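Following are the structures in question.
The two complexes that follow have subunit A in common; it is paired with subunit B in the first and with subunit C in the second.
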Partner chain A sequence: MSSPTSASSAATPRLRRNTMLWALLAMALFLVSTLLGLFLRLFQGNSFPAVEPVWFYSALTLHALIMVGAWFLGSMAGVHYLLSRYVRPSSAISELAMGGSVVGVVLISISTLLGKFGVGWYFLFPLPLYPNGAWSPWATIVFFAGLAILAVFWLAWVLDLLRAIARRYSLSMALGWHILRGAKEPEVPPLVLITTVSLVVVTAALVAAALVLALFVLHGSGRANVDALLMKNLTFLFGHIIVNITLYLGVAILYELLPAFAGRPWKTSWLVAFAWNAVLLLVLFAYLHHLYMDFAQPRWVQVVGQTASYFLSLPAAAVSVFGSLALIYRSGFRWTMASRLLVCGVLGWVIGGIAAVVDATVAVNSVFHNTLWVPAHFHTYYLMGVVLMVLAFFDHLSRELTGSDTDVPAAGWILSLLLLGGYGFLAMFYYGGATSVPRRFATYPEETLQGVIQARVAAAFVVLLLAALVIYLSRMAARCLRAFALCRNAS
Partner chain B sequence: MTFPRIAACLAAGAAALWGQSPAGSLNQPPNEDLYLYHSVPDILVRPAGKPAMPLSELWRERPLLITMVFTRCAGVCYPFLRSLRTATESAGKPPSGYGILVLSFDSRDTASDMKAAAAGIGARADEGWIFATAAEESVRRLAEATGFWFRWDGERRQFDHPAVLLAVKHGRLVRLFTGGRIPAESLGAILRDLAGGFVPSYPLADKTSFRCFQYNAATGSYSLDWGAVLLVLPGAAAFLAALLTFRPWRRKCARAPFQAA
Partner chain C sequence: MIPQYKALLAFLIITAAATATFLWVTRNTANKERLNPEAVSKLRSRFAITCALLLIAALALTLPHLPYPRGSEIPDKVVFVAAKQFAFGLSEAPIASDAQWEAASQGPAVRIPANRLVEFRVTSLDVNHGFGVYSPGGTLLAQTQAMPGYVNRLRLRLQNPGRYPVLCLELCGMEHHSMRGIFEVFATGKE
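Take a look at the complex of A and B:
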């Protein structure tokens, strides 16, 4: 069961076509979301003094949801495609998920852009129920309808991938428990192990989202007075896991793609199995670090949060990073745009991960909580981590499907510009966090006016990042469209 | 749940959203959020059997708990006062760190009415308890500043009013308790607040569903509540879904050789 080196082996034309569509959708949403991000930083830099702050908050809400949604779907599409080497997921369910996702994104866009719904991605209870004139009450309903549609269709896709894995592997085998017991056979690809762990956990996140929505309806209809602490717990159980698992799905892609460039297999060792089972055990509790400042939560819960955050991050990251380095070392590694993006993605994961662990420490969090340090760490492992990993997959696959031998022109320059823009933008977030600049402020109060200059510098770096993205994604989109046309003709 | 039921719930939620009114009903007890840390007017009160004095004289040395009653009350006043008296037995009696002012809002009440009320709850000899009257205008000022209200019901010949306990420290309202009786735990939390202690949580006025934890203000300890079950539910549902997804295939087609399409 060794990993084939070609990304496109065993995939049907329909699956290839769907994956190219997912790639185009994710890239389009990514560009829109990056533009929104630029607007946010320019707003914080006082570039739009005549624009009402309510637009900042609705753009913030849309930016976060689109960015997280686009890359969750992108990584799901990548994993779905790569899993087809070992199992047979349903293309029809993936198409349904695409339809549902488009409807969900449209509804959320309507609620934020037309209805000015601006409560942030976390729609923290009970704020959405109290518009107080800032947004239209119908926008709350449209927003929740959009979220509900996304949750239902995503859950269907998640369960279908699990079903596909279950047709070939038992649960204990898919989780590598026989390897933990010392057995060497049968081999389980890391892709199957990490995907199984991720999908089980993301099911919990989507159930939590459904519960939150149901409790909102109960409270909004006056049938119950819901506990705010419960709602915050459930909201972050959903939100933290979705982001976390998007990253892990990206890492699953890394485990499957990197061997293609190194020419060496990456097998599920005891350490790999241990690390990802630790994730399965702990990831459900790590979200508690979002509630350190909620003093109504008992102290032992905060201890569980910090412990889970530490032990969740370390084994999986250590095994994956050292595994990547070992795989690359003296392997005659093939450096293409895709493989460079993969390696840069690992770097972003490590830097963002360290910043996350720092902030997940109660003593530090009491200073950094809700400062720009928070968006700094998650933008690092997202923008410079999982996004690069998934883009690497799309790049590699589109090249294979079009039979292209060469990278996009000036790939090295584009990558340099992308890293310069990305890390420059992130550096301003970190600097802002270290100088106590609060997050989610449309305009900064006198005490934190340093945030204005930082936002302007960050916006300049975002322009560089955006330039790199426009050049790179437009060329890759053209290649994806070519691949899509070829697959359609083949089917 | 069937689709029509889900639709009905969503519709009910939508209707509730549209129908929200920013102002509460007139019969509602005062909302603590609206009055916290507001200054309490320094009105002149007349303690039974003592000369008149400004309120500030009572809160200057120690925090003050104020409750507003009328002695002819056939409703909540006496049960509330008795529960306050009982709560002080376990939470710490005045004057150890605080005083209690029972102020009449009924202009008909006299000093002897207030003494009788004190005797009625067994607090006549207790120096920590002060039973007092005040001028009608002073009472109105205090009521407006703290959200307390009272209305004469001619038919029942009674005042309609909520039962409240105002916790005042250095002339500012730091807690506002409402309810028919005050449990010792709630009084304990209020006293801890007044003493500068940290109270991590306390129950809201409305009944809250699905709490994660219950906090015992008297002991400072937590216990799990039904909301905690809802917190476990997503994880449990996910693992159950995984078991159910894998189980039938494991029986029927376990380890079937994979045929690439």
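Take a look at the complex of A and C:
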């Protein structure tokens, strides 16, 4: 396996420059979103008694969309860069996606912050059409326009990466089907396999998103009477997959970077190919666990949802997580900030995954659905999982491009602070879920007042997390800017 | 122990085991050694089989406890629930109009006998809501969604008398957090 350093030799200055811009954009959005998250927890801790709840719900909507968008784009940027070792994705499409993403985020920000549009990231049908005086129709239109722009430009980027892969590998080859049939050649890097699986699924998700938007328009204009259960299925098919696939794109980066620190190869074996093809199938049905409490869904569909959600964890645990640990065990592993972040990211993925499997049990979901357990598990595999994996990539690449190989002496302390702040914040979510505290409540009623103190404690941990992030990301942002300037000069 | 604590305990135990494994591996990365691929493969197979068996066992243990109603059971009492921004209307008679919902949401609490099977027929007159039944002590006991155009049937057998609050567990608008309903469980024999 070549070292990550060699990745730069395949990347054009334009690609390097773009990747640094994506890194800066993702980090900026991440910080904004984390600040919004702090506001949300402070609000739930009754820190702003004079502020109307409408601001909580609009901030909640913006927080979630920015956070998901930032790291979907960050992981896409990482995968795009690393894929350039093997194929030639278009830099122009990536730049278009960046422009579209900025416009989309601005529109969604206007809709939520100026228009007070507060329906949650999932804009569950038909809530956007029932403002009850809280927001104006223009805010709904601007919000959906922003989402439509994101869907179009993201889909263009996804399809371009698939196009680039298809120019070198056929679909069956990229999915490793020849390996499943027993062939050893040609070799398909895990990065290509996982990216192909992820992007095929993302394409389905973005099509579902487009369908949801179209059905909203038809219903809103009175041209159709849309079924609420169908809309909910489509919404979670899209939403769950986007979050899930963001994680898998992070794992694709892991497969490419970790071997360089371990000095051991990580190839697409039969087991790796089988695992990711199983993911391709199972991930399409795992979203059903979002609808367990819709008793109108057929019983067998709910059983499929639990079974798919359970067994989706198996390829991850037995192949990717086990593979990561086997790769680094007694390998003479090179510990840097980037490699530490990667390993911590795998652990976060595991812990979030365990909590997800617990919640994916229908009988348990009866008492956990839409409590704080839900944000607990997805914040774990997001914040302590994929975010760390993608940051590891940006950290490593920005050092490589600027020639600053060594970590700062305080790197260990910064990482410890980040983990303390992150897991402390998450612990309050888990405890909140176990004590029946609902999610998405601006303030807590008397039955769940324990949520107030939990929110205050969580906010204190978020402050620690933010402190670590500001220190760490400001240094990395400075490096990214230097790298950007170097690449611009080189081109 | 309430189901939430059992789930939390299971989560903590598995998480502790996973974290300990990570710590052990990360403390054994320094000395470079050539691993025996066959031994790794054997260990991986055992790990995968163990995980698969645990998942199958969990499915076998939990799937019989699905909260969905079975046709073979006939409820002792039916309560009709209509959700609308921002209150639940509970009534012993069907709620089909805004006026009926208003009367049901502002009227006296519906009374339910303890230890009897009660079916809540839950729907919505506007957007999606979550019908979350809490114990008088504030523990979430069960829930179902209130969806426009659908009736979800939640069956419960509540043992302890008292006033049971209902909170909305699906974001439904600006007063979502204050949306509630209530019903009263009475000891059988008193009425």
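Assume the second predicted complex is superposed on the first by the 482 of 491 C-alpha atoms of A that agree within 3 Å, B and C clash if a C-alpha of one lies under 4 Å from a C-alpha of the other, contacts with A are read in each partner's own complex, and residues count from 1 in each chain.
As a convention for this text, a residue touches a chain if its C-beta (ideal position, glycine included) is under 8 Å from a C-beta of that chain, and two chains touch if they have at least 3 such contacts.
As the structure is a prediction and not an experimental result, all values here were calculated from the model.
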Subunit C versus subunit B on the shared subunit A, clash or fit after superposition: clash
First, second, both or neither for A:N233, with subunit B first and subunit C second: first
Contacts of A:A317 with subunit B and subunit C, given as first, second, both or neither: second
Partner chain in contact with A:A296 - subunit B first, subunit C second, else both or neither: both
First, second, both or neither for A:S221, with subunit B first and subunit C second: first
First, second, both or neither for A:T361, with subunit B first and subunit C second: second
Subunit B versus subunit C as contact partner of A:T435, first or second or both or neither: second
Dominant toucher of subunit A (residue count), subunit B or subunit C: C
Contacts of A:A204 with subunit B and subunit C, given as first, second, both or neither: first
Touched partner set for A:I351, first subunit B, second subunit C, both or neither: second
Partner chain(s) touched by A:M476 [first = subunit B, second = subunit C, both, neither]: neither
Where subunit C runs into subunit B (options 1-9, 37-45 or 91-99): 91-99
Contacts on subunit A seen with subunit B and repeated with subunit C across the two complexes: 130, 132, 227, 229, 295-296
Residue ranges of subunit C touching subunit A (in the complex, touch as defined): 2-5, 7-8, 10-11, 14-15, 18-19, 21-22, 25-26, 28-33, 35, 40, 43-44, 47-48, 51-52, 55, 58-59, 62-63, 65-69, 85, 126-128, 130, 132, 134, 138-145, 147-154, 165, 167, 169-178, 180
Complex contacts: residues of subunit B adjacent to subunit A: 9-10, 12-18, 20, 22, 198, 200-201, 204, 206-213, 215, 222, 227, 230-231, 233-235, 237-239, 241-243, 245-246, 249-250, 253-256, 258, 260-261
Parts of subunit A lying in touch with subunit B, wherever the complex brings them together: 9-12, 84-88, 129-130, 132, 137, 140-141, 145, 159, 162-163, 166-171, 173-174, 186, 200-201, 203-205, 207-208, 211, 214-218, 220-227, 229-230, 233-234, 237-238, 284, 295-298
Interfacial residue positions of subunit A with respect to subunit C in the complex: 52-54, 57, 118-120, 124-127, 130-134, 227-229, 232, 263, 271, 293-296, 299, 302-303, 306-307, 310-311, 313-314, 317-318, 322, 325-326, 328-333, 335, 343, 346-347, 350-351, 354-355, 357-358, 361-364, 366-371, 430, 433-436, 438, 440-445, 447-448, 450
